[in-house]
Structures are given as C-alpha cells and as structure tokens.
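Across the two complexes that follow, chain A remains constant while its partner is chain B and subsequently chain C.
And now, the complex of A and B:
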C-alpha cells in the first residue's frame, strides 16, 4: 500500500477547496455595477421619493409597472439574498411564530422574519430596509404563496395588494386561458393609475415590452451557450448572473448587461474555455437553487468534473415572445406558458427536450421541502424519465432557504454515487462498442 | 503475498476487511466510529490485518467508503457506499438485484443490472425513521439493550401499529401504547414493522432482493419482515455488516480498471454565494 497519510485519490473527495482556482467571468464587474445601480435606484424611490414603489412577484406583470414609472422591488430576489447569505435561518423562526408554518415557502417566511427583525441585506446599498411599497402586485402562476406573502405586507402597511389569479398546472395553453389572464392584467390598469396618479401611456408600455423581450432573448442566448462542449457557463453561474433578468426585466439595462455577458461567453466558446475545467459529465438541474449551498454544490460537482449545464430555474425568466403590439395577450401567454405554471406532461416533455439540447447525461431534481410548486420529483417524473426516456435521474432533498432541510454529507454521497453510476455506465458502453 | 483492504467508515461503526487477490476474506474487524473517525479506521484496519495474518507491507492498496470515507488518512482511493455495497453483493450474487442497506444513519436501495452495474439508487430523506437510529430510539424507550430487541420481538403475539412518519412522534406513540398496557415484545415487533414500511416505500422491489448492513446483521427479524413485505425471498450475503468494506477492498483490487481512479483536478466551477446578481 502507499505510505500512510496519502490523500485518497480514487473519487478523491476534495472537500473544501478554499484555494482552488476558479474560472472567473470578467462580466462580473458589469453585473455588480448593474445590480448596485438598481438597488440604489430603489433607495432613491423609497427613501427620497424619486418614484412610486411597487412590489412584484418574479413572474408578475412587471412591464405594466415599468410603464407607470414604478421603482420595482422583487421580494423573491430579496429572499434569495437572505438564503445565499445564509441568514435566512436566523429569520425563519420569527415568521413561524406568527403562524406561518415551517412547511410553507421559506422565501416567504425568511423575508417576513427579516422584516420582523428590522434587517435587510439592502442596507449594504444604502437602504434602511426593504423599500416600503405603494402597491403590491402578484401573479399566482408560480404559486399561491406569493399572494399570502404580499398580503402580510399589505396588512402591515395598509397598501393595496392586487394581482392575477392565473391557472396552474396548465396543460396546453388555450386562447380562452390567454383571454382570461389578459383581461385580468388589463383590469390592473385602473388601480395602478390610481396609485401612480397617472394614466397608462401606451408607448411606455410598448417600450417596456420591447425591453423585456430584448433582455429575455439575450439572457436565453447566454444560457444556450452551455449547450457547447465544454460548457462555458453553468447553472450555478446562472443563478448569480440571472439578477438583471429578474429585477431589471422590462428595462434597457437588462439587455445591456446580457450583451456584455453574451460576448464573453461567445469568446469562451470560441476559445474552448470550460466553466468546469476537464468537464466529463453534464447534468441538467430541475427546481429551485439551494441558495445557502451554492458554492458548496458548485465545488462538489466540479470536484467530479461534472458541469450542471442548465436548469428549469434559470430558464424561467425568458419572455422572448412578448409583443409590444399586443401587450396584454402576449403577457398573458408568457405567464401561462411559464414552466412552473404547467402540468406534469408539458414539464416532462420540456425537460426531455432540454436534456437533448444541452447534451446532458442525467437530471438532478431538487425536491425543495417548502416549495411544492417548483419541486417536480413528487409525482413520479424522475422514474418516468428514467424508464420511458432512459434518462438517469437523481433526487436531492433540500430547500431553497431553510438549511435545516439539507444534509451536506447525504447530498455529497448522492451526487458522488450518481457520478459513479454515470461514469461506469459510459465506460461500459465504450467497452461494449469496442467488443 | 499481496492482499487488499477496504475501510467502511460508517456513522455508527467502522468496518475493515482484508481480502486476497481472489476476493476471499482473510480478516475483518468492526469498531465504534465515535468522534475520531481516523482513529477508528486505524484501529479496525489493524484488527483486520491481525486476523488476516498478513502484514501492512503486503497490502497493495486500501480503499475507503462510507460516510467518513474522506477521513481515512491512509486510503489510496474511495468510492461511495452506494458503489461498495453493490460491488460487494455482486461478488456473491448475480443480478438483477435490489439491495436494501439499512445503516445507522441512512437507508439505501441500490438497483443493479444483470452484470452488477448500478442502475439507480435511493437514499432516505434527512430523517431517522427507516434507519438504525430509529431502533436505538425504540430500544431506549422500551428500556432494553439494542442487542436484545430482536430476541424480545420474537415473543410478539399481538399485531400493533406504529404509524407515525417521525421518530419523535413514533416514540410518543410508543409511550401511549405502553400506557395502555401493551407488551414490550409486541411493541418491539411493531417497531420493526414500522421501519420496514418506510424502507419498502423507497422503491419498487422487483427481482432478487438482498439485505445488507449492520441492522440486518443484528436484527434478523428485519429480514423475515422484509421478505413478507416483498412477497418473496430476501437473500443475505456473507458478512452483511462488512459488505461495504468488502466492496471497498474489491475496488482497491480492481483499481487499475476502475473508471474513477485517475486523479481529479481541484478546479471547482466559478461561482460566488450572494444571491442573484450579488457576485
């Protein structure tokens, strides 16, 4: 045997690569500037009265809010900041004590808890907390929780909570569905005019629609570069660089940033630069990120030379078919066609298409404890994909923000075991073809 | 004479096995993992070597597996327990196989094809129900030593149900049954049945079912109940508690052909924590 003290070298663990080289994206500087400017504009609106403030769910009708000139705060983005900074678990008990169950959305509970504690990561950008809204606008196409979440704040500050009750588990999107949601979006105009004290300007709405569409198309182009081998961009990169796609949707700033990022990714493709050096395996991610373990998970997969190339999550902010000439109906269609709003069959077909498009060797399903709406491993989809389509699948138990629902060791064993399985299967295939 | 060793650094116990080039077990040892996993690995390795009659210099390679596989300082390589349990069982039995491994901290279901290659695996959720820890909790509540739980359950005459999903709730349920005068033997059997119910919900058990792990080794009632639940025979391979360590020793032996044995570079993906746009 080798000398005592030698580190394992088989599937060598590599836990904690604090000094490992990382493949930095140069666009990160522009990303930081873009996001800083956004947060500071929120502060100007909320604390210096530069503009009325609206809160919007991440899949809500933000283009309409842009047309009215609202500064828009996205509570889901705020909650993700709590998760990523691993402060969410400090705040969750405060909301649970208010009657919000540990089983409901940990975004909701950590965000409300942070508010009860009087703390916010936005203080790093000069704000004295979340920007107090003049109106809160939800869309239930993603879940019911956004409405319950917003209503807590609506009660707290006595401000209107309005929104769209969009169908969920949508099979094929019908014209009737589109008409129904379009009418709901249109019905928001009057109350928003009252809050903003201005009439809706059609040309401003069209401009927001165009900006949203342009930003979406560039964001989609960035994500699609990961179809190249080696992939220049990963799901984990995407969770960071999706910031403008979420909070600056409907503004020219989003498209401006994604033009920069896309140029860099194109360059990486041309130069063969891999986000995960030595890429051997490629996986597709379904479901929410585990914000507090992003770096740990990225490192774990990279240790095994495995690139998580894309996800249903980062692709959820693509509104490429918005039509400035038919704003309400195209917004409605985008809202209904969103992955999270769909039934099992369209979701399953979508994942199958994405696995083929990105050349993924398998799918990792994150079964997010407090987000049933965006957990797709609960009705047999991993088994169906494996049995029907021959796509290997792995289910990881975890949570978007509540780290009590996540086990580092168990997840690592699950991932490592999956990598072993896929690697062995690939080698066996090669062996068969040699024979 | 060349030989190979495998260390299974488990959550409760550490197991070590020394094999010859043909896979024959020459020596094995088990010790509590405790708080010093490296020390437990050293201890069991020394114990297995002593029993094998071989010396340290004769060991060509040591591979590690189990929850603490990265803490074995003298290991030359590692594979997950998912791999090693499959590898160990496939040495003795031909597939397709469904392996049920019930450990102290987790339960696993591993499916192998006819050639012994892994098709899939499932692990229990982050929860003690369905694992050896559950039985420890039940033994504690019944005031019996864990080693005596199996013998106690053999005196069961009444079919009782422990229906809670949660170990803590199951403990409370047990106290309720004790209060109503139910017999410890029936309660012990109810605990085994409860554990098996959790395990069989992890996957569809078609084909040849194999049971491994320390829990199976020391609680044979579990095997009987598993067979009843699967409506078929359940096979227990030789040395079920050490089967992971045995698989690791086989991995050490087969390392040149191992598909994972080349060095992994230490270059993780580019990512920062901080949330969307917060890099």
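And now, the complex of A and C:
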C-alpha cells in the first residue's frame, strides 16, 4: 500500500500550485537507497533465481515468508506506485474489460490492467515486470479483494494461492479469534515448505518476528513525533516514508531506515522545525491516500497552514506487539487488532484517541469509492464523532487509484470551507474566552 | 480602488449557471445589481456583471472599499480584493437578511450545501452533496430541453402536475437525465416529469442531512424553482423559507465581507486575489 519512496512529481490539475511550501526531509535519500536495494533484490530473486518469490498482501503473514527465505513482493505497493505515477487510469479499462467492475478495488484493477499491458514501474529498477511468484499468500483481514486479486495471478501462472480467511468487523478480539487465526497461519507452514523446498526454521522465524517488531516500534516512534507542535512530519510524508514498514517488514533494513528517519525527526522537534511552516491547524486523516493527488493535496493543506498530522492509514503498519516466543498467536492477534479489520465502535474510539493524542482540530474522512473496507464515513461515524465528541469532520469523495472518482475543484472547495470553519470556530472561542 | 473606505462595496458570485454582482452600502442596502448567464470566459462574464451592477448604482470601481468574489469561478474576477468560500458568503448574506441562527440550504448550479449558521452569523458547519449528484444546473437545463420549456418555466410546468410526481430518483445527475427520457417514453406527462425533477433535486439535498428548523434557502434554484422548496418541505416535514433575493445571497455575503475583512492575511483559507 505504500508508494515506496518514489515521491510523485509535478502538480495536479485544478487550482493546484506549482510550488510546495512543505519542508522536505533529508532522510529521503536514505529511503530511496533502501527501497532501490529492495526492488533490486526482487529482480535478483525473480530473474536470476537468487531466492523463491512469494507475493503477500500488505497485512499478510510476511514474517513466516521471511523465515523461509522468500523474496517478497507486495502487489498493493505496486498498485500504489501506479496510482502515484498517475498511470493507473491507463490500465483500469483493461481490467474492466476482463470483467472486473469499476466498483471493485482500483488497486486490483489497475495492477491487473498493468499486467495485461505488460508494463510495470518496477522496470525502473531493472525488472521485466512484476516478479513472477512461486506462491501467493493473502490475508482477508483487510478485504476480500486481495484474495480475488491474487487468484487472477494464480490462474495466470498456475501457482498456488494460499492464505488466511480472517474475521472482519471484529469488535473485541477474543482468545478464540486469536486461536482460530493462529491455526490458519500454522496451516500455511506445510504448503510453504513444499514451495520453498525447506523446513521451517524456528530461529529464523523468531528473528523475522523480532525484526518486524523492532521496525514497527521505530516507525511508530516516527509517526508519534507529529504529536509535537509544530509537527515535524505529516500524513503526506508518512505515505512516502512508510515504504520500508510495508515492503521490508520482518527485515533489519526497515529498523535501520527508521532509526535514520527518527533521528532527523527528533532533531526537527528539538529545533522546532515544522513540516508545514506557520502551522495553524492540525487535522487527522482517515482512510486511503489519493495517490495521484498526494502532492496536490499536501500543497493545498500547506497553503492553508494546515498540517495533516497523522492517519489511520500510516498507523496500520505497526506490529509492535509481535512476540518471537509466541509467533503464531502474536501474529494472529496483530492481524485481528488491525484498524481496518475492526468494527465501527473500536474504530471510532481509536480515532477519538488519536485526535486527542495528536491534538487535531478535526478529521478528514476519505470516502474511497472502490474501497468500502477502508472507508469509514459510510455508517455515520463522522456525524457521531461531531455530535458525541464535538470533533469537526469533513468527508472527501475520492479514490485510492481511480482519479475518475475525484474532483480537484470540489475537493479544494470543501477543504477550503472546512479550514475556514475551523478557523472561525477558533476565533469565536478566543473571543468568548476574552469576554 | 481608492485606498480609503467609502462605505460601499461590491460582491461578485461567479456560478456555473449565472454570474451575480451586487453593490451595497455599509448598511447592506442594495445600490445596484446584475445577474447574467455564465457563458464563455468567466472573466468576461464577471466583468460584465460587475460593470452592470456599478452602472445601476451609478458608481465607479474607485468608489468601492473592496470587491469580494465567491463561487465556482471566484478566481476569475479581475477586480476582486479577496475571495471567500460560497458557504461563508451565503451564510453571511443570509444572516444579514434574517438575523438569526438557521440551517441554510444553498442550491446553485453545481454543488448544493447544507450550512449551519449560528446566532452570530458564523458558518459552523457545511456539508456538500455527494460527488455524483453535482451538476444540478446542467440537469435542469437537460430536463427543460426534453420537456420543451424554457428553464425558467420548468417550475410553472411542475406546479400544474397531477398528484403523482414521475419518479426521477438516481443519485447521479446524468442518470437522472436518462430517467427523464425514460419517464417520457413511458407516457408520463411533462408536468409530472417536471415535478419529479424538483423532487429529485430535493431528495439529493435532503440526503446531505442536518435539517433543523428554521430552514432557509438561498441560491439560484430557490429563485427560479420554488417547486424544489415545496419538495424539500415535503421530505423534511419542516418549513423551508427563501431568504430575500435568494440568487444574490452569495454575492451579498461577499460584499458584506468587505466591510469586515476587505483583504485577507497570508495562509488563510480564503485567498487574496488580484487587485
């Protein structure tokens, strides 16, 4: 799901601005190196046979795959690259013509479409398209679409598609839930042993678990720096810098990168450097990024001296409670506790806690047209947060990859109005306190 | 513009269907106004409406403390000293006329909003229609063409409908246009289809939510299609009252803003424009 270190360039249409007042991070150079090395390692595995290749959904059991020595490709990351490079809309019609509706996940459809076109942004890293898998491993904790997506490739290349059918809309995570998912993860071991032609090594699994946990904790620490005023880091920065948290989860490289990023963010905090100079308002983002409009949206908010400080999205790759001593159960618990897998009430409580933690003035809900699983504005949550907790909310219509579902002009008008409303409310509050 | 406030300001609301311009004195009394269809270049339409309003007021641009611009094409008003969002301008314009807190429904040519206005005239919340339902003006023009009436006569046609409005129910304005054709093909009367169009718009707006009494309405639809008000009343169970001269509410608010904040500070939600 990460655009993985390839910052989208240029500006959007509509009333976008040519220059961004945002302050770029010096760590971006190290990020590029880290991501380049990852993509090249995928090429080594797929095209030079250096390792077996597994595909994994972004919230799938990647630690297990690391223990077997698979090189792991994440189709969601690939689809995000298509979105950020604004090529997704070129490929979507090809998948629609194969019977994949414009209403299903535009990650799925653009990725399949790109494959049908024989094109991939990975060619920039020396690959001849996506790395052909030996096995595809999904987890439906995030949505059903990942399975349907993987099955298209499974049929195309006649490779096994295995995975976890996880409960969704989970209220409180129970021991029974954990046990059920843990058994499913365990049941993947035998087929993976067959594909990898090796037995599972417990010590390698424990090492991957430790690496995952360590990388997660550092990534969490980076995100939490945005609680400072002014925030040194934004949601938009996060969508770029989350690359290693997604594609290098379970490796020491992720933690190594986040140590660099965290040091820079700490320095920013100490020096009072704002990611958005002159920060006046702070907002929290719920839902998917709109990859093809990241730069434009970041600039729009920055123009209004508004920092989008954090998101449910970037916070979804925190697996800080993984336990190498209890691998299957702790992986299962992490899988079930994921924000996207939860029911309305825990999600609502979580957003409320995050708004308080980050000192946000309001919440922007992205109602993502082709991703109902990660759109939380459809069952009254914005209204409940506004009425019950007094948290102002804005709903933006859009899509993760399909820019036909997004209007620059309408979005900017709505953002502008929301910022104006929050500014007026703050002024009125100051007026009341003076009286 | 002269550098000295003279107690007179102008507002220009550049909508997708009409450009509205108004000249007010500080008490809010209208000195001149004009409404023109939006055709061709926004800049040319805005200039023409602005000059027509000034002409009616028998004033010159130099007599004004400032010019506020709002609406879809607000960036295209060469004379503007500042721009402001439609919802804040409609809130200000409506509040000036009615003087109390309200739920303000603004329905223009493109993007209807339900706006909460507090008892000081501040906009404290605004919610828009979902993306697919944008383009009400275009929908009405399409319907009028196929019902073979002038757009301004559509409401009159609807007012003579029988008890049953034809069903025009899609949340997408393009699909709704197709439904108009389907109903005509099925033999519905033009009058019933016209009424169905009024209900279609009202339903999309009502779905935005937040209707609490007192409900006021502004914008061009309130001016030209009172049938939509009646449909909204039917759906909400509340009285829906138009503000005075509803089509001018946004321009009026933009002009009134000039007496409060003729220019805008850097980084505000509303932006400075060419002077």
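Methods note: the second predicted complex is superposed on the first by the 414 of 435 C-alpha atoms of A that agree within 3 Å, B and C clash if a C-alpha of one lies under 4 Å from a C-alpha of the other, contacts with A are read in each partner's own complex, and residues count from 1 in each chain.
Keep in mind that, in the parts below, contacts are C-beta pairs under 8 Å (C-beta built on N, C-alpha and C of every residue); 3 or more make two chains touch, one makes a residue touch a chain.
Just so it is clear, the model here is predicted, and its values are computed rather than measured.
Overlaying the two complexes via chain A brings chain B and chain C into a clash.
With both structures placed on the common chain, the touch criterion links A:94 to neither chain B nor chain C.
Using the contact criterion defined above for the overlaid structures, shared-chain residue A:389 touches neither chain B nor chain C, since it reaches no partner. After overlaying the two complexes on the shared chain, residue contacts for A:30 are found with neither chain B nor chain C.
In the superposition on chain A, A:50 makes contact with neither chain B nor chain C. Look at A:320: by the touch rule set out above, it reaches neither chain B nor chain C. In the superposed model, A:200 lies in contact with neither chain B nor chain C. If you count the residues of chain A touched by chain B and by chain C, you find the higher number for B. Of the two partner chains placed by the overlay, only chain B lies in contact with A:80; chain C stays clear of it. When the two complexes are overlaid on their common chain A, residue A:240 makes contact with chain B while staying clear of chain C. When the shared chain is aligned, no partner comes close enough to touch A:221: not chain B, not chain C.
Of the residues of chain A, those at positions 15, 278, 303-305, 386, 392, 395, 397, 405, 407, 409-410, 413-414, 416-418, 420-421, 423-425, 428 touch chain B in one of the two structures and chain C in the other.
Those residues of chain C whose C-beta lies close enough to touch chain A in the complex are 72, 75, 84-88, 111, 113, 120, 122-128, 130-131, 134, 209, 267-271. Chain A contributes residues 15, 278, 280, 303-305, 383, 386, 392, 395, 397, 405, 407, 409-410, 413-414, 416-421, 423-425, 428 to its touches with chain C in the complex. By the touch criterion stated above, chain A contacts chain B in their complex at residues 1-2, 4-6, 8-15, 17, 20-25, 28, 31-32, 34-35, 38, 77, 80-86, 121, 234, 236-237, 239-244, 246-247, 275-278, 291-292, 294-295, 298-299, 301-305, 307-308, 386, 392-393, 395, 397, 405-407, 409-410, 413-414, 416-418, 420-421, 423-428.
Interface residues of chain B, counted against chain A in their complex, comprise 5, 56, 59-64, 67, 69-70, 72-83, 106, 115, 117-123, 125-126, 251, 255, 258-261, 263-279.
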